[in-house]
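First comes the structure, then the notes that go with it.
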Amino acid sequence: MIAVELRKLVTRPRTWITIALIDALPTLVAVLLALTDIGPRPGTGPAFLSAVLSDGTLFPLAALAMVLPLFLPVAVALTAGDAIAGEAQSGTLRYLLVRPVGRARLLLAKLVSVVAFVLIAVVVVAVTAYVVGALLLGDAPLSSSVSGTALTQQELAWRTALALGYAVLAMLGVASIALFFSTVTDSPQGAAMGALAVLIASTLLLTLDASQALQPYLPTRYWLAFVDLFRDPILWRDVLRGVVQQVLYVVVFLGAAWANFSTRDITS
Amino acid sequence: MIVTSGLTKRYGQVLAVDDVGLDVREGDIYGFLGANGSGKTTTVRMLLGLVLATSGDIELLGRPMPRQAAAVLPRVGALVEGPAAYGHLSGRANLTLIDAAGAGAPRRSRRARVDDALEQVGLGQVAGRKVRAYSLGMRQRLGLAAALLRRPSLLVLDEPTNGLDPQGISEVRELLLGLHGRGTTVFLSSHLLAEVEQLCTRVGVLDRGRLVLQDQLATLQQPTGRTVVRTPDAAAAHALLDGRVERLSGDRLVVARIEPAELNRRLVAAGLRITELGPERRTLEQVVLAATTDSPVVSP
Amino acid sequence: MVAAAVVLLAAPIAVRALPADDPEVPAARLLVAAQASGTVAYSGYVESSGTLQLPVTDQFSEVAGLLGGRSRLRVWWRSADDWRVDSLTPAGERDLLHSHGLTTEWDYEAERVTTTPRSEVRLPRSSDLLPPELGRLVLADARPGEVSALGAETVAGIDAAGLRLVPAERQATVDHVDVWMDPDTGLPLQVSVFSADAAAPDISTRFLELSTTMPSERVTRFVAPPGVSVDFDDVVDVAGAAQRYAPVVAPRRLAGLGPRRGGLGRGAVGEYGRGVTAMAAIPLWENSAEPLREQLARTPGAVVEADGSSSLSVGPLELLLTPEAFDEHSWLLLGTVTHPTLERAAAQLARRALMVAYP
């Protein structure tokens, strides 16, 4: 079943259009930066964007910082929201289930296919950004950390890998929420909107001092903590919290999705 | 093949299916009749484990459902409430995907199975075309092909001729009869009396969630013991058979408590002209109407 | 499922709500311990928040951020002359590294390194928000009669002993300051400053993580990344610049307040008061004073008097900018003293400036 879902993922044109769209933004930014050589004013742009003018090897991170707050979660919410609800809406869900495909198996296969989507999207963005950064942007001999210390190529590579892994995990949290909504409704758009509503509410509450007690539980709270991986020494505090939090989100929402889906009447 | 007892589904306050005891035997072509909204589809979905029953038991192929769905469903082909397929893929790709989903379909013989199913429903010519470009009838055939992929011993078909033209309907009928001839039991739900009457050997009628009738079609259409006479001299015949005529409408009389041969003799002896004389048989429509308007009676 | 979720959510709250062990050390001893904690080396993670909305001009934007927002700080403190404080922003950081009398500021997003010599007069900076620094500042001149024990609270995993300071001066605008400290070392771990009848603190800063082992030397050393040039700046900021280049000199005593102990020697800027009751008189050239005056005129809550002086009150902070004097300078008076105190000071300065304008 997992193979079937992966095949569906890669044969669907929408997958590649979405990834191309996600990828287009950082590429466009790189071209603009290379042409104008104007970086963002301090405190205004996404992380690392000012640094890439002199050091293009940081561009995968700048690209990640650009797509992580909005593009990537929207794409993931749409894909994961479509997982069950999309099959329900097109009517194919009932035929898969009477095939028979066990409900837990189907959910698992859908999860794996969403994970694959997240991985493909993140890797494509990172690789494109690396190539674009190397071709168009600054070629400083040595990269520096956010704290101003020098980073060897090797250090930069594994910190970047950690950051990408962290982003994937953050998106898995989104995917679990969307997957849960996808088992609740028969409308893929509704499921995606539900997940996005959670994320938007979370982002909004994060700006509110009154919600401080709530903030450690908000799903977007630690998303941008991957920047902390590039401080020297690395600030693990928020990264670790982010990891634990996203794992909890994945466990709770997947559990809820499974509990709901395995006992639900399929009337679509 | 299908046995249910006390099958009940309640949606909140609404009782969608109420104490249904289906009995479909091996070799039947079972017509499951009912108006739209009578609970037919809910029953079909419960049989296939899509909707969970509020109470009651289901046995498919001798095994309890939905507990043993994994063992039962591979031997069942189903078409539920219209076909469904991925529009951006071809008909063949759709069948390949559905065949690959779920265990127990060997990869090596997949192509042969898919081709065979496509051939059976007459879609061989257009199998490479994207389903998005299919007509309603072609989609219906594709759905049938998906149901036939594993050469099931039980077919559960919900309105299988929906959207087909008369030519297509007759092709599907031939297909089902052919499959039946090779030993497949067919459970066919429909709201079309004529379809069921032409095809089925056994009939169940669902009315507002209750199974009001279930019997062999032949039994339901048995002579009633009354005789129908058509004669231009209806008034004279009525007078002659005083007390035995149950109904008189135009030139048609329904006569009870007399043998047809004896009746014929008397009428001819009285010099009456007879156009037609024979035993009364009820049409399925009459049977169904009688069952659904009267207080519900389930025949054994 | 729901129960599990509730447990997951409630566990951290419950752990936080566990009562801390009260070490029950007398207030006077806590005060002495805190005042003597300057030699303790530590490293950790600090979050501070302020509710004081200052009017923002370019020169004061950093101060406004420190007092009026939330700051996340990392600190490695080897000694008062060898430390590093990182002020974390979502997309970068601004680091202060201090050693051998030189302070280096690294701004990642601006890719800028600035080195400045130690200055006696400067505006508040991120390192002043560290609980040990702020705690020692407010407790520096406190008398035993002004403090009382508060009981214990858990701060950064330590059962910290609480001390409340209520300043005795009638000029004070700070109602009280609560300091929680490590009972063993006296190191302040959390400091909250309250103005009169405020329910929430105006400024609060606390450790969320703390280690009292000596941080590594490597961490506090700064080597400018390749390709980034280092600026040397003789004066730290406007206050430091005023101290050196101002046209006038502040008097020794002002508005009934004496010179601040351990404060400046001779210079243009005057520092007065004691502990949390502090006042500074900063002479400003008009090119610094005018933008500030314009900003004040636009700031809600700021008052422009008939004589041309502008004043603003933000929580316990009082600020007064005198009208331009005949020789193109103004006095910026600010501190945690009452508004009438600043007015008295302004009047004294005006009289005095007329008499002796130059040092």
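As written, the chain order gives the labels A, B and C, with residue 1 at the start of each chain.
One rule holds for everything that comes next: a contact is a pair of C-beta atoms (placed from the backbone, for glycine too) under 8 Å apart; a residue touches a chain by one contact, two chains touch by 3 or more.
Nothing here was measured: the structure is a model prediction, and the numbers come from that model.
J.: According to the touch definition, list the chains common to the neighbour sets of chain A and chain B.
T.: Of all the chains present, none is in contact with both chain A and chain B.
J.: Compute per-chain Cα centres, compare each with the mean of all protein Cα atoms, and return the closest chain.
T.: Taking the mean of all protein C-alpha atoms as reference, the closest chain is A.
J.: What's the distance between the Cα centroids of chain A and chain B, rounded to whole Å?
T.: For chain A versus chain B, the centre distance works out to 51 Å.
J.: Report the inter-centroid distance (CA atoms only) between chain B and chain C in whole Å.
T.: Between these chains, centre-to-centre, one finds 86 Å.
J.: As a quick test, compute the distance in whole Å between the mean CA positions of chain A and chain C.
T.: Inter-chain centre distance comes to 40 Å.
J.: Enumerate the residues of chain A that touch no fewer than two other chains.
T.: none
J.: Name, in rising order, each residue of chain B that touches chain A in their complex.
T.: 45, 48-52, 69-70, 73-74, 76, 78, 80-89, 93, 97-98, 100-102, 146
J.: Contact residues on chain A for chain B in the complex?
T.: Those residues of chain A that touch chain B are 1, 3-4, 7-8, 11-13, 90-92, 94-102, 263, 265-267.
J.: Considering the complex alone, what residue numbers of chain C touch chain A?
T.: 1, 4-5, 8-9, 12, 45, 49, 74, 86, 88-93, 95, 106-111, 113, 208-209, 219, 222-228
J.: Could you please specify the touching residues of chain A with respect to chain C in the complex?
T.: Residue list for chain A touching chain C: 42-43, 45-51, 54, 65, 140-142, 144, 146-150, 209, 216-217, 224, 227-228, 231, 233, 235, 237, 248, 252, 255-256, 259.
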